[in-house]
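Structures are listed in the sections that come next.
Shared between the two complexes below is chain A, which pairs with chain B and chain C, respectively.
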Partner chain A sequence: MSKDRAMDPYLRAFEIVKKNASSQPVWLLRLREEAMATFTQKGFPTMKDEAWRYTDLAPILESSFDFDGAIPKLSLETLEGLKRNSGRNFLLVVNGKFSREHSFVEEGVEAMDLADAIVSRSDLLEPYLGRCLASGHDAFSALNTGLLKQGLYIRISDNLIVKEPIHIVSYVYAARARSVFQVRNFLAMGKKSKAAIVETHTAGSGESYFTNAVMEIVLEEGARMEHCKIQRENSDAFHIAMSHVVQRRESSFVSFALSTGARLMRNDCRVALTAEGASCELNGLYLGDKDQVLDHQTLVDHQKPDGKSDQFFKGLLAGNSRGVFHGQVMVRQDAQRTDAHQTHKSLLLSDAARVNAQPQLEILADDVKCSHGAAVGQLQEDAIFYLRARGIGEKEAGRMLAQGFAREVIERSSLGFMKETLLELVNEKLMQQLCSGKE
Partner chain B sequence: MLEIKDLHVSVEGVEILKGIDLKVKAGEVHAIMGPNGSGKSTLTRVLAGHPSYVVTRGSATFEGKALFQMAIEERARQGVFLAFQYPIDIPGVNNAYFLKAAVNEMRKAKGLEELDAMEFLEFLKEKMKLVEMDESFLSRPVNEGFSGGEKKRNEILQLAALNPKLAILDETDSGLDIDALKIVSEGVNRLRNPDRSFILVTHYQRMLNYITPDHVHVLMGGKIVLSGDKDLAFKLEEKGYEWVREDQGPRIA
Partner chain C sequence: MTDAESFINKDYAYGFVTPVESDAAPRGLSENTIRFISQKKHEPVFMLEWRLAAYREWLKMKEPDWSSVRYPKIDYQDIIYYSAPKQKKDGPQSLADVDQEILKTYEKLGIPLEEQKLLAGVAVDAVFDSVSVATTYKAKLKEYGIIFCSFSEAVREHPELVKKYLGSVVPVKDNFFAALNSAVFSDGSFCYIPKGVRCPMELSTYFRINAMDTGQFERTLIVADEGSFVSYLEGCTAPIRDKNQLHAAVVELVAHEKASIKYSTVQNWYAGDREGKGGIYNFVTKRGLCQGAHSKISWTQVETGSAITWKYPSCILQGDHSIGEFYSVAVVNNHQQADTGTKMIHLGRHTKSTIISKGVSARFGKNTYRGLVKIVPRAEGSRNYTQCDSLLMGDRCSANTFPTIEVNNRTSRAEHEATTSRINEDQLFYCRQRGMSAENAISMIVHGFCKEVFKNLPMEFAVEAQRLMSVSLEGSVG
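This part shows the complex of A and B:
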């Protein structure tokens, strides 16, 4: 299928959106049209685009995806499974749609369908929605904005300390084969508020589908947010996600991205430190096997003085899987006394696994502390020998070393409350990886 | 317990051991001494099964079974233990987790039930007293950031916990200050018993001031050129290895 033909179903879908636009604010229609113009102009990226040179989108572009409108009914058992570990805050999105009836949040947290918020919170959303990043839309986020239908709107008011983590579960279930879901979340944290968000992407069945997710986060002055994103889509899924974070003065953003699922994943996290003293910590851990492609992109944009950023990513790759890490740090002229660090380490568990890591630092200020490092390695023969000499079997020795490698990111991150869950998910995936590695 | 016959070993095509014969009976302590490069460490590693060392001729039996037929972990489960000269760092794996996995492998091999976390901790605390290690060691990653002395004590802790029949100590005394040496030696002495044998590989005699061997062997040029009792060690300390070379000249290839 040609690149242009791949765009056709999306352009047709936009025509339908436009027809039904009468009830929407004018600003939204304008935003959609701008976004679709961007999409039409840019088209889907190819490997000739610098930002996509290691990730081949052909499997997505060659499939024709349907826009599935049906919402399946979930069994009680499934619901209980999805709610596991969620205390008082649980927001469920099924096949791209917010499920109001199954969601609940503690007092003070405002959570609603984004479609409703566009009407009732129009003034608040207008300056931000689709405008969180100075660099504008790429093709996928443009598509998401153009076709935006529903999603989640969460607002934490000024000074509110949210007691328990807010679990957002994006669940795909009994969808028609080859469905595409545009998932959109908007999150605004008021001044000096504090909250932890756990965002999980998962599926209850094995069809191939395509999740195109965009998350926009605005942190007002002094707001503190912890964000954990767990991507465990099914093994035939495509997952393209973009997070835009805008940080005001002295706000703090700590994130952890665990990626184990999907046939092809692109996780792009862009953080703009737009005022003095803002800080962010981005952690990531990805585990691939078979033919998985797991692609992480980051951009931390230091715009003002005294900002801090720390990125720490690790990948474990088995089978024929491929990892991509492209980490960018931008320190603008104004951003004096910036403290920015970035590390990427990967461990290849098979001869066929590959990784491409590319740090990119652009520093225009003169008084800064910046560092970056990247390393690729394999399991150490001496370490395997040491463990085996203590009676530990060869396979288990490999698993212990790989787990030890993964554990460092989890231990190092400031997301202590997720430690056990993350370790459990890592162990589960490691068992699969080590089996696939032996094939 | 252990019987080595005419053992020849090569590393990357270079022959290091050129015909070793050694018999170790239950309860005996054998010291193997020799100058640098004589093949001492090669001998310990080939017994433990390091994949870089190739047996080109000869055999070794452990309790009547062919040692070189066994996988690395199988040797350990049968009761062969090597205390490493340079213990390996295992980042991200904490010491308690590692020790518990190892101890339970030994128990499984003996048909015993595995210890749970509580039982294991109790079991290990006893062993830790032996080498005067405090509990903070347990939560640290294996050997990572350990001082030289801590690493060696950790090896002896593993020896105590895994309860082997044959313990091979590769230069456990090297890099230890006098206090650490005493602690380590005292630990070994308390682990001596009529059913357990030791092979102590050392360059210097000083550890043998604390641990009295039953037999002392001199390894030179890949062969055992001289054997004796503990007095041989004192003689070596006094006169160095040069006199052996002169004395045994023709035997050293």
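This part shows the complex of A and C:
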């Protein structure tokens, strides 16, 4: 199918959005039109685009995905499953739509449908929504903005310390094959507030679908946020996600991305340190098997002095899977005394597994300390031999070593509260990986 | 700041023009220019056809724009593609036949061509503008069966070797500048080391761009046959110019089974003045093919000159157990730009590559390391180690590191490390406290920073490189 024809369903969808736009603020309409213009102009990326060199989007473009407006009824059992470990803060998004009836949050946390927020919180949203993305719009986030209909709006007031983690579960139930879902989250944290967010992407049916998710985060002065994203879409899904974080003075952002699901996934995380003394820590762990393509992109933009950033990513690839990592650190001329580090390590567990890494440093200031490192290797034969000599089976030895490798990211990250859950998920996936490796 | 000023203000020491009558082609590029060049050089028909084919390919190509370097558009019709010093007869047979003016130029440059010949133990194939002027030690090399001559001579004397290897590593269509070079290359060096021969001396060429507005398009081809070894040195300085000059060379290396080639470059072309006016555009394609098992190619480069350096000396590791190495120091000062690095393509099993790159940026300099390490599924048990360090001096310069790593099998390992920082204040303080001037202290620290690369240079070059570094860098920090 040609690239242009692949765009058709989206352009048609935009026509419908425009027709129903009368009730919306003017700024939003303008924003949509700009975004759609970007999308039409850029079109879907191909492998000729430098940024998409290693990720082939053909499967998404070839099968014509279409919007599925249906919101399924969830059974009590499913609901309980999704709520597991949620505690006092649980926000459910089903097929991209915020489900108010099943969600609950503690006092001080404001959560509502983005569509409502656009009307009632227009003044707060206008300067932010879609703005930070505008400069580096890629086709998918442009599309998400252009077709924005619903989503989740969260605002945490100034000085509020949210006691328990806020769980955002994005659940997809595709009633028919080849559905496309848009997920849009907007999160603003007030001055000196603190919160932990756990964002989980999961699915109920086995059909193939395509999730196009955009998350925008604004951290005001001194705000501290811990963010954990767990991507465990079903094995036939396509997951394209963009997280954009804007950080003000002295704010801190710690994130952990665990990716185990989807047939093809791209996780793009862009952090702009727009004021002095902001710091961020990005951690990631991806585990792939079969024909999975797991693509992580990061961009940390140091715009002002005294910023700190640390990135640590690891990948375990089995079967026929492919890992892609593109991590960029940009230090602008004003950003003196920046301290920026990045590490990417991956292990190949099978002969057919592949990895492509592009760590990038762009430094325009001189008083900086920056480094990056990347390594690709395999399980050490000596280590396996050591374990086998002590009576541990080959498979088990491999599992132990791989688990140790994965554990390092989890232990290293500052997200202590998620440790158990993450380890459990990693172990579960590791078992699958090692089985697929033995095919 | 006074020390700094004195160094920054230092004029380009090699900026002089030798008044030699030139025999130049008319300005511009067309099939006729190519025919003119080919005819001037008395080339066989196959060479002319090869050039014309390259020219036709070039016409179809677009100038690349993906790099970090920025320069005003080059008008390819405003370049003189061929310029040769007027020759007295058929060509000089000995030093006595060489134009005295040219010899003086070399003396100023300090090339070991005359009395220094024995002392230096170097055979020099000096390229003065586009034609080889003198080749020393030819007889001695001949005893070993080594062919070391100018490219034009090789085309005439050894057409079978040229036919076999020319364009085998860098195909005509490889890139825009390689295609241009293939069409119009004027001269260069050719070297063939026969089976099992260890070249008894360091081979060396000296390029110098002389006539006004003459693009220099040399072509170097080195073939090391089974079990042979050769160390080749390339060094460059160019006189002062107002207009930018294009330099698009192609270097091809072929190493057969168990052969080893060591290629060292010290590049100190005119870098332009303090405001970035003038200077050489150094757009070079260098590539080595480790064709046989256990072969080895090692690139060492010290890039201190040129307004823009844009090149990636690469290794294709085709033979099993072959080894590729890349050691580089790139220094940018004033408005210089460098976009350099390497590609290591691992095709054979158990191939190994090492990349050590050191970038130093001062004032408005822009330094970029761009590299690719690719290990294909078949290249089991391959290994790569990469280290890229950047040193920044001054708040207007920049340093970028853009490596790409592609590993396609599990038994291979690749490692990459990069750091960027400025000169350590503590180290400076330590040196200053012991009575060293800021200049000396910086010089010492920078030398230390580049040591890993310098130690891979042959003796003659190591000394020159250190001196060049001092000249181009000391005083960049106030």
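One rule holds for everything that comes next: the second predicted complex is superposed on the first by the 435 of 439 C-alpha atoms of A that agree within 3 Å, B and C clash if a C-alpha of one lies under 4 Å from a C-alpha of the other, contacts with A are read in each partner's own complex, and residues count from 1 in each chain.
FYI, a contact is a pair of C-beta atoms (placed from the backbone, for glycine too) under 8 Å apart; a residue touches a chain by one contact, two chains touch by 3 or more.
All of these numbers come straight from a predicted model, not from anything done at the bench.
Visitor: Chain A superposed: clash or fit between chain B and chain C?
Guide: fit
Visitor: For chain A, which side has the bigger count of touched residues, chain B or chain C?
Guide: Higher number of touched chain A residues: C.
Visitor: Of the two partner chains, chain B (first) and chain C (second), which one does A:Ala353 touch, if any: first, second, both, or neither?
Guide: So A:Ala353 only meets chain C here.
Visitor: For A:Asp158, using the defined touch cut-off, is the partner it touches chain B, chain C, both, or neither? Pick first, second, both or neither.
Guide: neither
Visitor: What angle, in steps of 10 degrees, lies at chain A between chain B and chain C when each chain is taken as its C-alpha centre?
Guide: 70
Visitor: Does chain B (first) or chain C (second) touch A:Gln333, or do both, or does neither?
Guide: The answer is second: A:Gln333 touches chain C but not chain B.
Visitor: May I ask you to decide whether A:Glu396 touches chain B, chain C, both, or neither, giving the answer as first, second, both or neither?
Guide: In the superposition, A:Glu396 touches chain B alone.
Visitor: What is the contact status of A:Arg388 with respect to chain B (first) and chain C (second): first, second, both, or neither?
Guide: A:Arg388 sits against chain B, while chain C stays out of touch.
Visitor: Classify the contacts of A:Lys369 with the two partner chains as first (chain B alone), second (chain C alone), both, or neither.
Guide: So A:Lys369 only meets chain C here.
Visitor: If you've got the overlay open, could you tell me the nearest Cα approach between chain B and chain C in whole angstrom?
Guide: 16
Visitor: Provide the residue numbers of chain A that touch chain C in the complex, in ascending order.
Guide: Residues 50, 54, 333, 336, 348-378 of chain A touch chain C in their complex.
Visitor: Can you check the complex and tell me which residues of chain C touch chain A?
Guide: Within the complex, chain C touches chain A at residues 66, 377, 390, 392-422.
Visitor: For a test of understanding, state which residues of chain A touch chain B in their complex under the given definition.
Guide: So the residues of chain A in touch with chain B come to 380-383, 385-394, 396, 400-401, 403-408, 411.
Visitor: Please name which positions on chain B make contact with chain A in the complex.
Guide: Going through chain B, the ones touching chain A are 48-51, 71-73, 75-77, 81-82, 84, 87-93, 98, 101-102, 105-106, 109, 141, 158, 162.
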